[in-house]
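First subunit A sits with subunit B, and in the next complex the same chain sits with subunit C.
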Partner chain A sequence: MNRPSLAPPTRPPFWRNATFLKWAAQIGVLFGVVALGYVLIGEAAANMRAQGLSLDWDLLTDPPGIQLGEGIFVKPDTGMEAFYTGAVNMLRVAMSGILAATVIGAVVGIARLSSNWLASRLATAFVETVRNIPVLVQVVFWFFLSSILFPVLQEGSSGPIPGLLLVSRKGISFAWPFPQETFWQWGVFLVVGLLTARWAYRTRMRRAEEMGEETRPLTWALLIFLAWAIVGWFAHPLAGAVGWLFGLLAAQVGAIPVLVYQVMLALAALYLAWRWIHRFLESRRSPAGLAKLTDDDYFRMILAGVLGTGGAAVLLLWPGITELGANVFQALLEFCDQKFDFLRTGAPLAIGQPSVEVPGRFAQIADTGMTMTPSFFGIWMGVTLYTSSFIAEIVRGGVLSVPKGQTEAGYALGLRRGQLLRMVILPQAFRVILPPLGNQYLNLSKNTSLGIAVAFPEMVQVGQTMFNQTGDTIQVILLWMGFYLTISLLISLLINYYNRRAQLVER
Partner chain B sequence: MSLDSHDLIPPEPPPKAMRISGFNWARKNLFSSVFSGTLTAILTVGLLLGILAVLRFIFSPDRRWEVIPPNAANYTVGSYPRDDLGNIWWSVWVIAALAGMSTVLWGVGGRVSVVKVVAGVRAAGVTALVVGVLSLWSPAGTAVQSWLVWGGAALIVAGWVPMRLLSEDRTVATANALAALVGLGMVVLWYLHLDRTSHWHLRLIVTALVVIAFHWLGRMAKRWLPDPTFKKVVTMLWVISFPVIYMHIQRNPSVAWEEVLPWLPWAALVMAVGPVAIGLVSRLPREQAAAVNFLLGAVTIFSWVVEWPMAIRVMTLLLTLFSMAAPTFASSPQARKVFYWSWLGGSLCALYFFLLGVASTGLDTRGDFLGGFNLTILLAVGGIALSFPVGLLLALGRTSTMPIFRILSVAYIEVIRGVPLITVLFFADKVIPRFLPPWVDVIGETKALLAITAFAAAYLAENVRGGLQSVSSGQFEAARALGMTTSQMTMLVTLPQALKAVIPAMVGQAIALFKDTSLVAIIGLADFLRVARDVVPNQPDSLGSVLENLLLAAVVYWIFAFSFSRASQRLEKRLGVGTR
Partner chain C sequence: MMENGADNPIIVCENVKKWFGDFQALRGVTTSVAEGEVVVVIGPSGSGKSTFIRCINRLEQHQEGRIVVGGTELTSDVRNIERIRSEVGMVFQQFNLFPHLTVLHNITLAQVWVRKRTRSEAEERALELLERVGIPEQAHKYPGQLSGGQQQRVAIARSLAMDPKIMLFDEPTSALDPEMIVEVLEVMRELAKTGMTIVAVTHEMGFAREVANRIVLFDEGQIIEEGPPSEFFTNPRHPRTKLFLQQILSH
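Presenting the complex of A and B:
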């Protein structure tokens, strides 16, 4: 036997060990970050003490002594009310803006692909103009345009379309169906109608696919929904039963002791952590056996375990958190209960028309119609048009991404142009469009914060007004971050949900 | 029989473009179906009404466009002291000189068809004539109208005559066409000089001359410098030109030499020690090199503990970083030479900027001296340049296998991307002063620049991450097989490929950043938008002219953003992204 002798395996010294070095560097950096934070926060605390400020949350409960331009609480009694008003105003702009931007963007995006030269050139001009001007410039421009060029509001002004639309420097007011106190009862019928319409659409669609006959699923769905809406308009007191159900539930929720909820939630936290670790290990397993786990893998599993156990411990140790949750849930149920009553009658919607009132020396828009103030107009026009130019590009890209062979195949099967668009092009384009579209919705929501430039009382403007009064900048900025991160998370969850459903299922 | 090239039939010239009659074209593109025809009719009416409304708006007697030219200085530099405007011109000339040198590199040597040039001239003439004639119906008869009408007519003639004389495939050097354009602009400026007291038209002419002079200088330099070196030198000059302009030329610092002189020799000593340390570290075996680095690190920490002059501390820290990087990047004699030069340049720059940074400004202003478009440029260029290294680190952290780095990077990126820029700006404006000791006074521009950098870095990190993920794993395996360390692999293999893949995305982000700088108007900085929205419309001479000024702002922002995006499209085509 003269095999070459192998040197006995020696472990490298620990300072040459890659795993040790990696963790030393990470813990060193973490220590540095924490130390920097500690020093900075200490300095901030000292500075704030010197200025007589403190890091408490009194600003949410104290009367803020501010006045807001528009919204639910124009003169809020607490900081909470002020921020609530700001949040609702922000959501109004964001939701109506998302809706309008999607429609405009889709129309312009398709127009850019139109075979009509004028339409495609105009759409291109729109996109290239709007997306290359900063959104803040556009917001401010629309605001000043509406408050300088629109007609002056006088007694007897009735706008370009009397009774329907009133345009003035004080704002744009238009007729609007306002929900009455029976609206919730009607809403039950609408929801049921929506669900049955969906069910009808699916069954008719399935039949069309299986039998190959024209079943008109969309017409059916629309008719069913309309039928429910019409029946509900008159029969809505029947939905009072829903209120009785809510009342029963609320009583039950209040009757169960908090400890039961605590244990259930803690168990859920532990289960989620266990499930995550289990699935992680499964993902590392192959027919050849469990893959070698790296230190990173161990870190992930330990972190999941620590988070789950920590969450469970927090839930069990502080019953206040669970109690608050249960109380909020119960209050919500009771709130719903109050919205329903067998004896409540009357139309669920009432049309309000714009009108002018003269309370003092100056004419004002009365709150009979739906009114868009110049601030709202500015921020809404600005963010909507800006975002719609990007959406147009996304739609165009999505439609162009469908291979030409699909169109040719569709025509070869004898589809008409409309059918081709609806059944072949759009479903495939939708898949490409959805993720960037979600990003644009996020951008639009974040851009509503520019309302501060035109004194529109959304979250940022309210916050700035608040900290100008109290000096509590850190708290306000934390509130902003919490709010916007929640909104961003919600929108991305929604988009991810639809995205998963729209993606191709690959075998 | 051999197949020689002269045996082949010469290729036929490409066919001339077919001329389609206007009627056929319209039938095909405007009235192809009933729907299309109706659409055309509706859009034509709408377009005409829209144009009329815009013209009525522009030429209304209520509009006061004449307030814009006297405010040119406000728009360009904000409240910069008017006695020191020379500093601004010097910065313009620095940029002009560098641009002139770079024209040699950018290869402005292409040719452009004469037909295209004269078509452009004719289009400009027609636009001017149409706008001028239409404006005759508006009540205000100003001098601008006759300028538009006569100028437009002249341009049409100038664009029509050569069309009849020249053949279609005559071309002209792009450089000459550009020079002619600049010359024409100069002549127009000379006659139009709107503000006779400031002689800005003379200085613009000097700017053009600087561009041309440095173009020739660049050509000469190219003759006796190898191409890559010349390219590197020009790039380095561009990189340091912006800090030089904003920290030195425009800030005009007054250096307190009696405080500086005592520690200058020590700084020179550190600079001299540098090559020795680097040479040692790159030649010694690993363990001993680590010992040298350890020693340098100890000296650095010691320098902070006993509070040596700040400049010496910074220089020592820089030296430690350089010597730590030396084993990776200075292993061969060739690389070592480059590394010595980088140490020399890097330490000199650090010293220079430190000297300027601590000196107080010699301008007669309170705190913020930058404003107008000057500030917009600073924020955009500074934000892009500073966010690049931060974003790179964040992207590497996010793709790293080290969990704590990954968690920190992900948390930073997602938080920043989840909140609007304006909240980050408010954070910088209101909260950063709280974190600092009371005697540190951070001016508004610095805070805004910090906020924009922090914001842009998160978005850049996501772009770079996309690039990092596009590098195929075979590249890593090849690098490992060659025995590269992780840092060598990252710097020499991964990053070059990743960055090249995401250049278009990064240019798009830079354009977005340029537009986003307008948000600093909200936290009270006098940037271009703020001048247009608040400063000019609140002056007694131009009270309430806010729409005119906002439109000007929109047009200026548009010109820049649009030309950037066109340039990026060309770049994308040249890089061939997405075609492989």
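Presenting the complex of A and C:
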């Protein structure tokens, strides 16, 4: 056979070489970003100097001379304390809001799909009303509603349920089990209980699958957890041993010289980089051998190597970081140590009941119960209900996204409704629900900044008060951005982690 | 072979009627299927043939008439529905495998939770059935990683794992490429040989001619004509049957 012969391959000149161009673009973008940042920051610094503004962080250590509506430090001594109070207040609204919005959203979403006519109509009405009104209006609405509808607080007020619930214009106060100084010791038992309950649930579940018998895993898990909780309630001083362990560890951490930590951390950084590269190469390896690596692959591996060595170098050359870390860790251990003591006895929880006090001319809610101020009520109700209406739609969409054929196949196999939901429908709906659900969590967290409208001292309100006092606008804005970015990234990280675990395998 | 499944009937339908809104999908269907009989249901689209076999395991609810399967009547009694569903296997046009579970888990799920078998028993049975449908090596893959024909064979194995007395096939090859149709029909042919009672909606006339004991023609929600394939194809009595056969056999 007479095959046509190919001319010998030619190398293109570098300005037409796709590989070279790609690398040049990567490095070019990197330099561009760094240069732009350098110019912008330099320019901003020069302008601020010219206007007599300084970028110092004295506002964090100076007494702010402000008063906050509620929180850990109502009269903060430093700016740090003020921001800390704001951050904790924000997190209180965000966490409890996310929890409540998820529950309400799931219930309403499933109710909308229900064949119960009344339930589905009510759910639809709720969703359509709540999601079509701006969240700021809703926040203000709930805030003012509480001051119009709720009774005026007087000396003899005891609320709708005396001893349990007190509703007034100064806030809603309810009975609450407050953790006492022995709570941490009891907490050890709760954690152990949770772990054993989880273990029991799994073994009972596995038994159900392997033996094909009814094993009531949930009942078992609950009973085991309850048993630990009850035993721990009385036996919690035994957990004092944990405190002794913490103390021992704290002493050890303090005794080791910083250099040892530096070397260990540097080695860890190198190891992590090496492991990442190793795993990356493994993922490109098939039974047929190592796949041909692309430029992107090389770029990633080089980046991992540079980050690892760079991290190790920084750790070795700059002992301050490691020292700070070690000190914080030691302080944390000592803090935990103080929470445990063999000799500490008493109930871990004490019920506090709402009550009224009259320190001056006006009655106010005493510190004895758990109190939700009108501001908290406004922002919490506003963002929670608003977000729950979106979550309801997401849940509904998720369940509807599972093809009808899945239900039919399940029924045809004889699965019951509950089994079908648990093992076929919900696992598939969950994959669709998760990413938009994460968005709603982010929205809720960021919407807590509307607390400023009802004078709720969260991050933004505190920050604004602070820069009105000090004039350090840039610093406050940087703090805000850093704070919300951190919280949002943490939530995203969590959601992405679950999302990756829930993905379908296809082809 | 008995003309109308007269002796030892396992499925009996009497004047079954079904409406979707104001559209009447079934206009009084009366027939019965004997144990071990292979019945192929054909008819133009929209003729009610799918609705009919979906009524047999209550994926659709008939509104008038009676359906008795294996001596149990389909009523709104939940226990009867469960009993019948556990005796009747069904294979769908779109396979409807559970995409989040492996092939093996697809086949063991209902065995464990409905038949109350142990996991190891169920897995043993599943592997045996995968062997029978010719894809034992796919047990640990996910449905999305299989071809259409392989998925349909897994779906058949999944139904068979419940040891049904009756198998319903709802256009099992309509969503498949031609070379995959063959492999699924082969499995169905094998199944028919084992004496399984089969009711299949299909357009595969070769299969019908070769395997069926009886062909049933549906049109506008009614049975137009039924009979053994030899008679049905060569000597149809009803003009509608002649027209339908002309349409599908002309090409």
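Rule of thumb we're sticking to: the second predicted complex is superposed on the first by the 404 of 507 C-alpha atoms of A that agree within 3 Å, B and C clash if a C-alpha of one lies under 4 Å from a C-alpha of the other, contacts with A are read in each partner's own complex, and residues count from 1 in each chain.
Criterion: contacts are C-beta pairs under 8 Å (C-beta built on N, C-alpha and C of every residue); 3 or more make two chains touch, one makes a residue touch a chain.
Computed from a predicted model, the values in this text were never measured in an experiment.
Visitor: Please indicate which partner A:P427 is in contact with in the superposed arrangement: first for subunit B, second for subunit C, both, or neither.
Guide: Second partner only, subunit C.
Visitor: Looking at A:L413, would you say it contacts subunit B, subunit C, both, or neither? Reply first, second, both or neither.
Guide: Touch status of A:L413: second partner only.
Visitor: Return first, second, both or neither, reflecting whether A:K446 touches subunit B, subunit C, both chains, or no partner chain.
Guide: The answer is first: A:K446 touches subunit B but not subunit C.
Visitor: Check whether A:Q330 is in contact with subunit B, with subunit C, with both or with neither, and answer first, second, both or neither.
Guide: neither
Visitor: So, A:T124: does it touch subunit B (first), subunit C (second), both, or neither?
Guide: A:T124: touches no partner chain.
Visitor: For subunit A, which side has the bigger count of touched residues, subunit B or subunit C?
Guide: On the superposition, B touches more of the residues of subunit A.
Visitor: Counting only touches as set out at the top, which of subunit B and subunit C does A:S96 meet: first, second, both, neither?
Guide: Touch status of A:S96: no partner.
Visitor: Does any part of subunit A touch subunit B in one structure and subunit C in the other, and if so which residues?
Guide: No residue of subunit A touches both subunit B and subunit C.
Visitor: Along subunit A, where are the residues that touch subunit B in the complex?
Guide: 22, 25-27, 29-30, 33, 40-41, 43-44, 47-48, 50, 114-119, 122, 128-129, 132-138, 140-141, 144-145, 148-149, 294, 296, 299-300, 303, 446-447, 449-450, 452-453, 460, 464, 467, 473-474, 477, 480-481, 484-485, 488-489
Visitor: In their shared complex, at which residues does subunit A touch subunit C?
Guide: For subunit A paired with subunit C, touching residues are 208-213, 403, 405-406, 408-409, 411-416, 419, 423-424, 427-428, 431, 504-507.
Visitor: Spell out the part of subunit B that touches subunit A in their complex, as residue ranges.
Guide: The contact residues of subunit B facing subunit A are 29-30, 32, 36, 39-40, 43-44, 47, 57, 401-405, 408, 415, 417-423, 426-427, 430-431, 434-438, 511, 515-516, 518-519, 521-522, 529, 533, 546-547, 550-551, 553-554, 557-558, 561-562, 565.
Visitor: Once bound in the complex, which stretches of subunit C touch subunit A?
Guide: Result: residues 57-59, 82, 85-86, 88-90, 92, 94, 96-100, 109-110, 112-122, 142, 144-145, 155, 158-159, 162 of subunit C touch subunit A.
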